[in-house]
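You will see subunit A twice below: alongside subunit B first, and alongside subunit C after that.
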Partner chain A sequence: MEKKKILEVRNLKTYFYTEDGVVKAVDGVSFEVYEGETLGIVGESGCGKSVTSLSILRLLDEKGRIEEGEILFKGKNLLDLSEDEMREIRGNEIAMIFQEPMTALNPVYTIGDQIMEAIILHQKVSEQKARKIAIEMLKKVGIPEPEKRIDEYPHELSGGMRQRAMIAMALSCNPSILIADEPTTALDVTIQAQILELMKELQREYGMSIIMITHDLGVIAEMADRVLVMYAGKVVEYADVRDLFKDPHHPYTWGLMNSIPRLDVEYERLNAIPGVVPDALHFPEGCRFRNRCEFATNKCAEEPPLVEVKANHFSACWHIDELRKTMKLAQEGETA
Partner chain B sequence: MTTKQPILQVRNLVKHFPIRAGVLKRIVAWVKAVDGVDFDIYEGETLGLVGESGCGKTTVGMTILGLYAPTDGSVYFEGEDITPYIIPRWRVRKYILKTYVKPFMKLKKDKIDELPNHMKRYAEIFFNDVKSNAKEFIRMFMDNRKDKQKSIRRNLQIVFQDPFSSLNPRMRVGNIIGEALDVHKLVKNREERNRKVVEILKKVGMFDEHANRYPHEFSGGQRQRIGIARALVLNPKLVVADEAVSALDVSIRSQILNLMEDLQKDFGLTYLFISHDLSVIKHISDRVAVMYLGKIVEIAPKKNLFDRPLHPYTVALMSAIPIPDPDYKKKRIILKGDVPSPINPPSGCRFHPRCPIAREICSKEEPPLQEHGANHLVACHFPGEMS
Partner chain C sequence: MTAYIVRRLLLLPLVLFGITLIVFSMLQMLGPDKLLSAYVNENLLDKLSPEKLEALKEKYGLNDRLIVRYIKWLKNLFRGDLGWSLVGKEPVLKAMLHRIPYTLELALYALFPVVGVGIWLGVKASIHHNEPIDHFIRVFAVVGWSFPDFVFGLFVLMIFYSLLGWFPPGNMSIWAEEIFSSPSFKHITHLPSIDALLNGRLDLFVDCLRHLAGPILTLSWLWWAYILRITRSSMLEVLRKDYVRTARAKGLDEKVVINKHAKRNAMIPVTTVAGAMVIGLMSGTVIVEAIFNRTGMGRFTAQAAQQLDFASLLGAVLFYSTILVIGNLIIDVLYAIIDPRIRLT
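Entry: the complex of A and B
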């Protein structure tokens, strides 16, 4: 079954020009998003996952510049569009929800006003019609008494309800892609479960693609079809979700999976990745993970390319064979 | 485990915060953050305290340390009632009368043995040492107040969640750590102080030259190490870790968790580990207490709790956590609605409006925290019916 590519990012480089120097926040990232699928982008703070999503929508502040690359949405390069044309895309074709719904919503407007604004702007309908659509959307995302809630201000809603309102706003124009940047990180686990379930349901109904950005491998395993693992502005691994979890092909991914305590597994001691994420101003030359990597050799001073290590599974590492051996030994040790 | 002594006992702990409004700033309502909590922490163990935001878990930690004065209830540290030293001086008299003098007056002398351990000690003092003289008895708690407070602070320390806001940005790391040594007069001179600071820095995996730097020069993980060093330099017995790893990245989080486990062995520490993250709690704890809306709903040894959770809230909480394994299929229990406000908690069992197995009795009667299997306490009318 051949799926249609809806978004293609090619060799994206987004740099920030700060007083202290150039921060190469995203440095040569490529990926595709297919129709109706969920692509997960996972990484730790500062790895460039949020900057990637902001670059797609061209929402960078004045210090940030897209240096290179192409962002092809339905065949059009978004980087060539004028600001007006871009406004037609934002919120309409590609919508976004953020981590902290309190700061993402305007506190002096009712949630109804904010949802209707997007509907009126993009769908060119009357205010009454827009209000009807907004109420319909609020009902869809599971907000009780939408007729009443539509006239409430963001502070009157709980965290979970605010995130639902954000989702209603994002989906009101029926976008083809929804970018969700840590949508459940600020929420409690029981509320997170509600929101994730809601997103899955709405995806089934509307058929949009989701780009799910998170640091939580559990959320990735639950939501994503394919996963992009980022480290220090680079893609280190890119694979189908099952394949990634069952057979990781990058020392960082493997280390990350081993370092989280799991509810279903008993550990004596956690396997920590040594060291810290390098400072964005001074990323190491070559492989950026090498100063924390147990497999690192002199070879790693040269940058490893992202290559297909098996069908639809890409990894950027010089020492995949050693990693495979070690993982096999570890697995045998576990079963023995 | 049974031979171990409780190092900390918490009895009916209550902390309510007033909400003030209007020009006169009159109290219009109370936030019932912690509303009657009982638990013990045994020497050398880690008690995990887990719950969602607003359930009162942080307030429990802060109250035990005396950073908040409890509204009601008692805290015992190594068998000694430390409540008089963590509440304001003007409340001590009333507290002693209510907690000890009045019950003792009604008590026949030969019934002392029937009292729970923590009360017995004071009953003996009351009847034998001060010969039922209430005034004398109260004065006992008033004397040496400052010294007692200091010794509590020294023995009970805390590591905070946010390593960015919990370290003074204008102080060098050496002073942040060394300040406590000066306050408690544990060092005679500068040299000794510096030696102790460097010693503890090395213990938490940092280097001696770090003592001369400022907090902003460090990453989140390193800052958390500094926070831990500051807590441990006084050689405390109990450390409250309030979401100590929640702000850290996954790869750093495991480093800090391992460090805390190592230090526990080295220093013989007892931890009260507060977190919203069940997987972290499961990893580090010996016993786990689950809180919901100001109450403990379940408390049990880790294995019992995770193998056989009895409270519907615990079951739902466990099922809500995403497992990092795409093949892991489970039946997820999705709770309806949000956590209710602690200003006006629901009647009866506080969980009943969200509980999938709630019946009529649940909205009327509050279930007590009762033993249900060995060392497994649960507050539910129908324990174990949902799993």
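Entry: the complex of A and C
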């Protein structure tokens, strides 16, 4: 069954104009999100994954500008909408939850007040009705005693409870897409698992699509249907989640996977990708990963296109063959 | 919270006791000879014989031990007698009651333009960060802040009194003073402008406002700079916070984002500064009072200090301490109202 495309981002370029120069935080990113699926966007800090999500909602700060591209949501280009029309989309059609539930909730208003605000705004209901919906939502996200908790302030809740309240707030208007920007990074591991489980459950119930932004491949494996791997503002690999883990086609993706410690192997030192993400003002010409890549040659000074290497699997690298040879050798070495 | 307020108020007498004891001791350190000049004309003092001087010191109890003198002062205080004011040429209590209304009135009317408009300007600058309006407001702030009040006050007098004749100096016009002190005029709040309204004298009310306009303008101009800068930087910080982004991500109107979500969070540091300012206003503003020839507490205290008028000084200290304690209590309560994370216990 062919699934319906709900969001399509085409050649998105978001630049920041700082005093030191232009930062090309997102430079020609394209992807699509289908109804009811979860798209994972993975990458290191500063790769442009958060900027991508903020661009979709047009919530960039004053220095950031979307220079080029299209963001088609249900066929409409969001970049053509007026600010008023955009507000109708935010929180209503596309909702977002953030990394730090401590700072993402306003400390001076009760969580009920903050949840009801969106409901009253988008569903045009009375305050009593909004309160009922808010209590219902709090119950759904697993907050005990919602009738009491609704009048509490964020600082009176634990980190996990706060993130649950954030999810309740985001889902209160039944959005088609939920953008989750590192929703579990600030939480401890057991709470992480609970929150991810909750999101899956609610996705089944509401049938919304999720864009899961994270640097954690574990979260991706747990949640995503398809994955977009970003590096320095570019998409380096884009594939089905199983295919990506089983058969990575980009040295960066492979490096990320190698850096996850495995329980069945003993290490002298953990594997890491050498070097750091380059300074956003001075990305290398051509392939932006080449200064950290073991396969890099002169060829890499030319920008590699994102090509379909097999069905529904895209990668942007000149040396996929080299990579696959090395991967094969490594695998054989392990089994031998 | 009520328990907290009551407890703080119960502490007030203790604070007053401590402060007056300190000020009293410091004043007594001047020694009996200097203290005598508060009671006897200095020219006369030089001509008196040592025996006569000693007799005078004895008469005014200047040779007594400090604690004896302080207890005597306290005893009189409880009878409502704060001594004779050299500056006011009437009992201290009466002299202060004649001046406090003018100080409070100025504070009351200056409060809104100084604090309200200052905050408004700061918020405006922050939401138009780095736009021309922000630059304009900041330049305005620096210019305002760099002006000494005695220069700016004189400018105001020059333009609005000498040139335009709009805002005369003084408390009120002579004709107004006559009505004000006539027996048929009822003093209900003791604030001249308010009493004028309560007595149905609109002309008197307008006259009071005309006399208040100059000082208010001067105080506003000088203090806007301060308050708008604090507001601006506090707002800029809050506007970068995650919860402001959350509010925007909900689809809220930018006005709601600013006024509901950002402003309240930005008000904590502003409250501290604005509170200190209002307390300052209530204690009187010496230079502004002097320039605009108003009889307020600021000038009274300055003159009392100059003339070693101990009785008046101690009276003024009582007044200031009370204002300070109550003012700070109000600020603390405001904190707790603004931010639920602050608990008063």
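In this text, the second predicted complex is superposed on the first by the 328 of 336 C-alpha atoms of A that agree within 3 Å, B and C clash if a C-alpha of one lies under 4 Å from a C-alpha of the other, contacts with A are read in each partner's own complex, and residues count from 1 in each chain.
Just so we're on the same page, a contact is a pair of C-beta atoms (placed from the backbone, for glycine too) under 8 Å apart; a residue touches a chain by one contact, two chains touch by 3 or more.
Bear in mind the structure is a predicted one, so any value in this text is a computation, not a measurement.
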item	value
Clash or fit, subunit B versus subunit C on superposed subunit A	fit
Which superposed partner A:161 touches (first subunit B, second subunit C, both, neither)	first
Touching partner for A:127 - first (subunit B), second (subunit C), both, neither	neither
Which superposed partner A:294 touches (first subunit B, second subunit C, both, neither)	neither
Partner chain(s) touched by A:108 [first = subunit B, second = subunit C, both, neither]	second
First (subunit B), second (subunit C), both or neither touched by A:95	second
After the two structures are overlaid on chain A, angle v-u-w for subunit B, subunit A, subunit C in degrees (C-alpha centres, nearest 10)	70
When both partners are placed on the shared chain, which of subunit B and subunit C touches more of subunit A	B
Contacts of A:153 with subunit B and subunit C, given as first, second, both or neither	second
Closest Cα approach, subunit C to subunit B, once both complexes are overlaid on chain A (Å)	6
Subunit C-contacting residues of subunit A that also contact subunit B	none
Sites on subunit C touched by subunit A in the complex	129-130, 240-243, 245-253, 260-261, 264-265, 338-341
Parts of subunit A lying in touch with subunit B, wherever the complex brings them together	44-45, 158, 160-161, 188-194, 196-197, 215-222, 241-242, 245-246, 255-257, 259-264, 267, 269-274, 276-277, 292
In the complex with subunit A, residue positions of subunit B that touch it	52-53, 219, 221-222, 249-255, 257-258, 261, 276, 278-280, 282-283, 306, 316-328, 332, 334-335, 338-339
Subunit A residues touching subunit C - in the complex, by the definition given at the top	57, 59, 61-62, 87-92, 95-96, 98, 100, 103-109, 114, 117-118, 121-122, 153, 155, 166, 169
